[in-house]
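In what follows, structures are represented as structure tokens.
The same chain A turns up in both complexes below, where it pairs with chain B and then with chain C.
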Partner chain A sequence: MVDFLMPSLGADMEAGTLVEWLVKPGDWVRRGDVVAVVETQKGAIEIETFQSGQIDQILVDLKSKVPVGTPLARIRSEGEAKLAAVPVAPPPITPAPTPAVPPVAPVVERPAVTLPRPPVTPTPAARARVSPAARRLAEERGIDLSTVTGSGPDGAITYADVERRIGAAAVMPERKRGWLDLSAMRTAIAAAMARSKREIPHYYLEHQVDITACEHWLAEKNASLSPDNRLLLGALPVKAVALAARRNPAFNGFYRDNKFEPAQAVHIGVAIAIRGGGLAAPALHDADQLSLDELMSHMRDLVQRTRAGRIRGSEMSDPTITVSSLGERGVEALYGIIYPPQVAIVGIGKAVVRPWVIDGAIGPRSVITVTLSGDHRVSDGHAGALFLAEIGKLLQEPDKL
Partner chain B sequence: MTEGDIRKMVEEELNNIAPEADLASLDPTADLREAIDIDSMDFLNFITAIHHRLGIDIPEIDYPKLISLKGAVAYIAAHLKPAGSA
Partner chain C sequence: MTYREAVRQALRDAIKRDERVFLMGEDVGRYGGCYAVSHGLLAEFGPERIRDTPLSESGFTGAGIGSAMAGMRPIVELMTVNFSLLALDQILNTAATVRHMSGNQFGVPLVIRMATGAGRQLAAQHSHSLEGWYAHIPGIKVLAPGTLEDARGMLWTALQDPDPVLIFENVMLYNMTGKLAADAGPVDIDKAAIRRIGRDISLITYGGSLWKTLEAASALAAEGIEAEVIDLRSLRPLDDATITASVTKTRRAVIVDEGWRSGSLAAEVGMRIVEQAFWSLDAPIGRVCSEEVPIPYPRHLEIAAIPQSPKIVAAAKSALGRS
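Up next, the complex of A and B:
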């Protein structure tokens, strides 16, 4: 039995309010399924489980605000659940086997209520297994589950399977903005940035990069693609940063408890402007491992979900380095403020045509200004310069990104 | 499909992207990127939606022609009628 805990979705989060359960006791979940929605200062966040199995018990009531680390539900692992699925009496209610569980200490007037244990209903083996989050998504979008191919064990249908099935049909996300509260978001941004400026000794570098090769390569590639599959220029620098971060570990990770912890994976926090004046930088997971096409489709999905107020918990807490791009409008350079506990942010300005010297002759080239804000507790300008130069070099060969 | 129908459809799609924009009072020749603050991802979603609804192919090289409300309506009208009738 494993406890599903209120996750920490950022260094400054102390508590969250549970606003929606997407599962009920007896439901099957798979690692990565969205099981609950938690409201934080940064908006409503979809929380995934890291444990596959069967929901045993819901421990926290809707609308309860509880501290980070509070058990929200108990999940029976798949092995345990299979044993329990043999029609037997419900397992005796014993204290949770994990003695380390802190007592539920709600910080609201309303105490968390432990729901009574429902009768254990064995899941008939013949029933196609569909994760609750997948079922809900399918219902929302009117997808017939019999048309979805499951990729889970025994063909179980996961959330990702339904997402894939929806695929290009879901060009427009539902416009419902979840619980996106822009003024609360502004407060959270202000708190994080003030902390960053207080604690992180920033240094700043800039580098001008000729991206004419990227533009040519992209125009040629996109010419044969339908709009669903086209790449945006902005995807290329994100991939270049991810590859360079992999080779320059001093810019990829977290500074916590007075020391730097390099991250094993590269999860790029993509800064996304939200209409009406919001900003979030959720993680594009394992960006260095994705092909450009995959990276683009994940980024498109991430932008749509973020703007619709449907970010997932892991996307909030995972970014190991942030990339902030101004797109095709705006100005030529931005100097980012590092999002703690990260140690670097890369800024990408808009592309401008500039006179450029190539092989002794002047010609017009498309140029972007790439900036780095680095953390002097971890790296210095010399290492930062090599990191930025590597990003620039990678952008000269877009076909290898 | 009349030009009025096309305009209605274009406005629907823009409204999906920018729900708060007042499209009725929008200058039909204004650059949509500035006028209703849409970025390259929004614009790609707009093109994708038009592609799905009408099946017309809009190559990247033609994007500048669709950057205003008037331009988008004219472009779509022209491409819906390959026979060339006005």
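Up next, the complex of A and C:
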């Protein structure tokens, strides 16, 4: 039996509200299935299970707000499921119908018997010392006390500690129901960005990249494509960053507990502006492995879902590096703030036509400014320069992206 | 002016203002008072108003109760709290209960003054601080003037009260000097006073410990801790509103009380904070009380046995998680 936990959908998430169960006791689920929808400050997020098996018990009611790590449901692994006919809930007055055992066990395409993951149940820590005042404030503001460091007697969490955690500026507004709560999102952005600027020693580099080759290649490629399948210029730098991040691991990963953990995969967080003033940077999974066409269609899907407020949990917590692109209507350069616990953010400015020297002659070229905000605890300017230069170089040969 | 002179001024004023007022007690007349509080009053007002009594606390306290019931406004001086135990039956069983027992036909508008506290090397039998005990008793009021203004002003207000009022004067305060306004007069007897404003911790005290607590607050300020000092003034009734408001603001409290810790007034104040401000607390409530021993005679041991400002500083820092 494995507990299905409220996942952390980003470093700044403390709790989530369960708004929809997509499964019920007795249902079979496979690893990766979306089983519930959780509302967070980022909007409603579909959360997936990592455990295949049969839903044994739903532990959290709809509309309940629970801290990250709270068991939401219990899942019986496939082996266990066969044994048990344990009643799921206190038997109702009418005799419970025998749970319908699916005639065919889940449609497993591959017989891949994934080894059941060791349950990732967080060890229940000894009850932390929290002063009554701190407890009340945390309750009022929805702060998960496990994310607060205590400074009081015997390390107790005090009122001031919770205040610090909330951040001086964050005034929590009345929570509005709905998929996207922009003021809550603003609070989350405030907390994450303030934390970043407080903790991460940023350094900044900029590099101007001639993308005339990209434009030519794109025009040629798109000529034969229907409008909805056309590649947009914005996809190319994302792919270039993904490839460069693969080769420069110091920019791809997480800084946690005073050390850098390079990530195995490259999941690009794509910064997506949301009308009305929100911002999210969900993951484009394995961006370095995707063809440009795949990357483009995934990006379209991601933008659409993000703006509709339906992002998957893994997409919120997975990004290993962020790319922020201001697009055509933007300015020439932007210097991003790293989204903790990531260690780098690449900024892409809009393309401008400039006089440029090529082979000793001046000619008009399309140029973008690519910037890097790097975490100096992890990398230095020299490595950052190589990383940026590599992105520039990759953009010179768009057909190889 | 000294605290002693402030009390004397209060006595003189009361005797002049109301012909029903008289002072009665051991050595208050010819000797001028055990602590010289009533020195000179016999000559000024005569033996009708300043009455020496035999060494019989129970007897003259009972006489005071009777004359109060009969319409007088006696001030009984019990010399010290140590001797008040001999009059405890009169205070607890008579003064505090007559209004109730008589179906409200009689009240006892009596004021009993006495000295209290340790610090004068008077040894275990003469160094008690039992005002917290008296504050346990319904039917009486218990006051602890800690300042010249209160020493001067509480007596008259107490005399206006229709029920018995006990005033505890800390022996260590009699020689304290300070300035008292020429027009100083009656003060209220039901509110605690904030003697120093702070935001980090509430230090709650009264009487002789007030000055040690203020000294501790100054020491804390030097370390960046802003302590608020509350002078309870009235031990019964307690001014819950002032205590709760302060602790709600500072979220921490240390109570300084020269009584013994177990069953002390400090315990009562602490419990009220828990009842009324639990959700505002940021740290366990601290107490600085007397050690649970008979108060020793040797000076260094006596000092060690009762609250002193270094202990108050340490308790406050502990509540703030600082060492």
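Keep this in mind: the second predicted complex is superposed on the first by the 300 of 401 C-alpha atoms of A that agree within 3 Å, B and C clash if a C-alpha of one lies under 4 Å from a C-alpha of the other, contacts with A are read in each partner's own complex, and residues count from 1 in each chain.
The rule is short, and it goes like this: a residue touches a chain if its C-beta (ideal position, glycine included) is under 8 Å from a C-beta of that chain, and two chains touch if they have at least 3 such contacts.
Predicted, not measured: the structure shown is a model, and the values here were computed from it.
Student: Would you check which partner chain A:G327 touches, where first means chain B only, second means chain C only, and both and neither mean what they say?
Tutor: In the superposed model, A:G327 contacts chain B only, not chain C.
Student: Quick one: is A:L243 in contact with chain B, with chain C, with both, or with neither? Answer first, second, both or neither.
Tutor: After superposing on A, A:L243 lies clear of both chain B and chain C.
Student: Quick one: is A:S151 in contact with chain B, with chain C, with both, or with neither? Answer first, second, both or neither.
Tutor: A:S151 sits against chain C, while chain B stays out of touch.
Student: Looking at A:V209 after the superposition, I want to know if it touches chain B, chain C, both of them or none. Which is it: first, second, both, neither?
Tutor: A:V209 sits against neither chain B nor chain C.
Student: First (chain B), second (chain C), both or neither: which does A:R136 touch?
Tutor: second
Student: With both structures superposed, pick whichever of chain B and chain C touches the larger number of chain A residues.
Tutor: Tallying touched residues of chain A, the top partner is B.
Student: With both complexes superposed on chain A, which partner does A:V2 reach: first (chain B), second (chain C), both or neither?
Tutor: In the superposition, A:V2 contacts neither chain B nor chain C.
Student: Touching A:Y159, do we find chain B (first), chain C (second), both, or neither?
Tutor: It touches chain C, and chain B stays clear.
Student: A:A44 in the overlay: touching chain B, chain C, both, or neither? Say first, second, both or neither.
Tutor: Neither partner.
Student: Across the complex, what residues on chain A touch chain B?
Tutor: 168-169, 171-172, 175, 219, 222-223, 226-228, 230, 232-234, 273, 275-276, 300, 303-304, 327-329
Student: Give every residue of chain A touching chain C within the complex, in rising order.
Tutor: Its residues touching chain C are 131-136, 151-156, 158-160.
Student: How about chain B: which of its residues touch chain A in the complex?
Tutor: So the residues of chain B touching chain A come out as 13, 16, 18-20, 33-34, 37, 39-41, 44-45, 47-49, 51-52, 57-61.
Student: What part of chain C is in contact with chain A in the complex they form?
Tutor: 251, 278-284, 318-321
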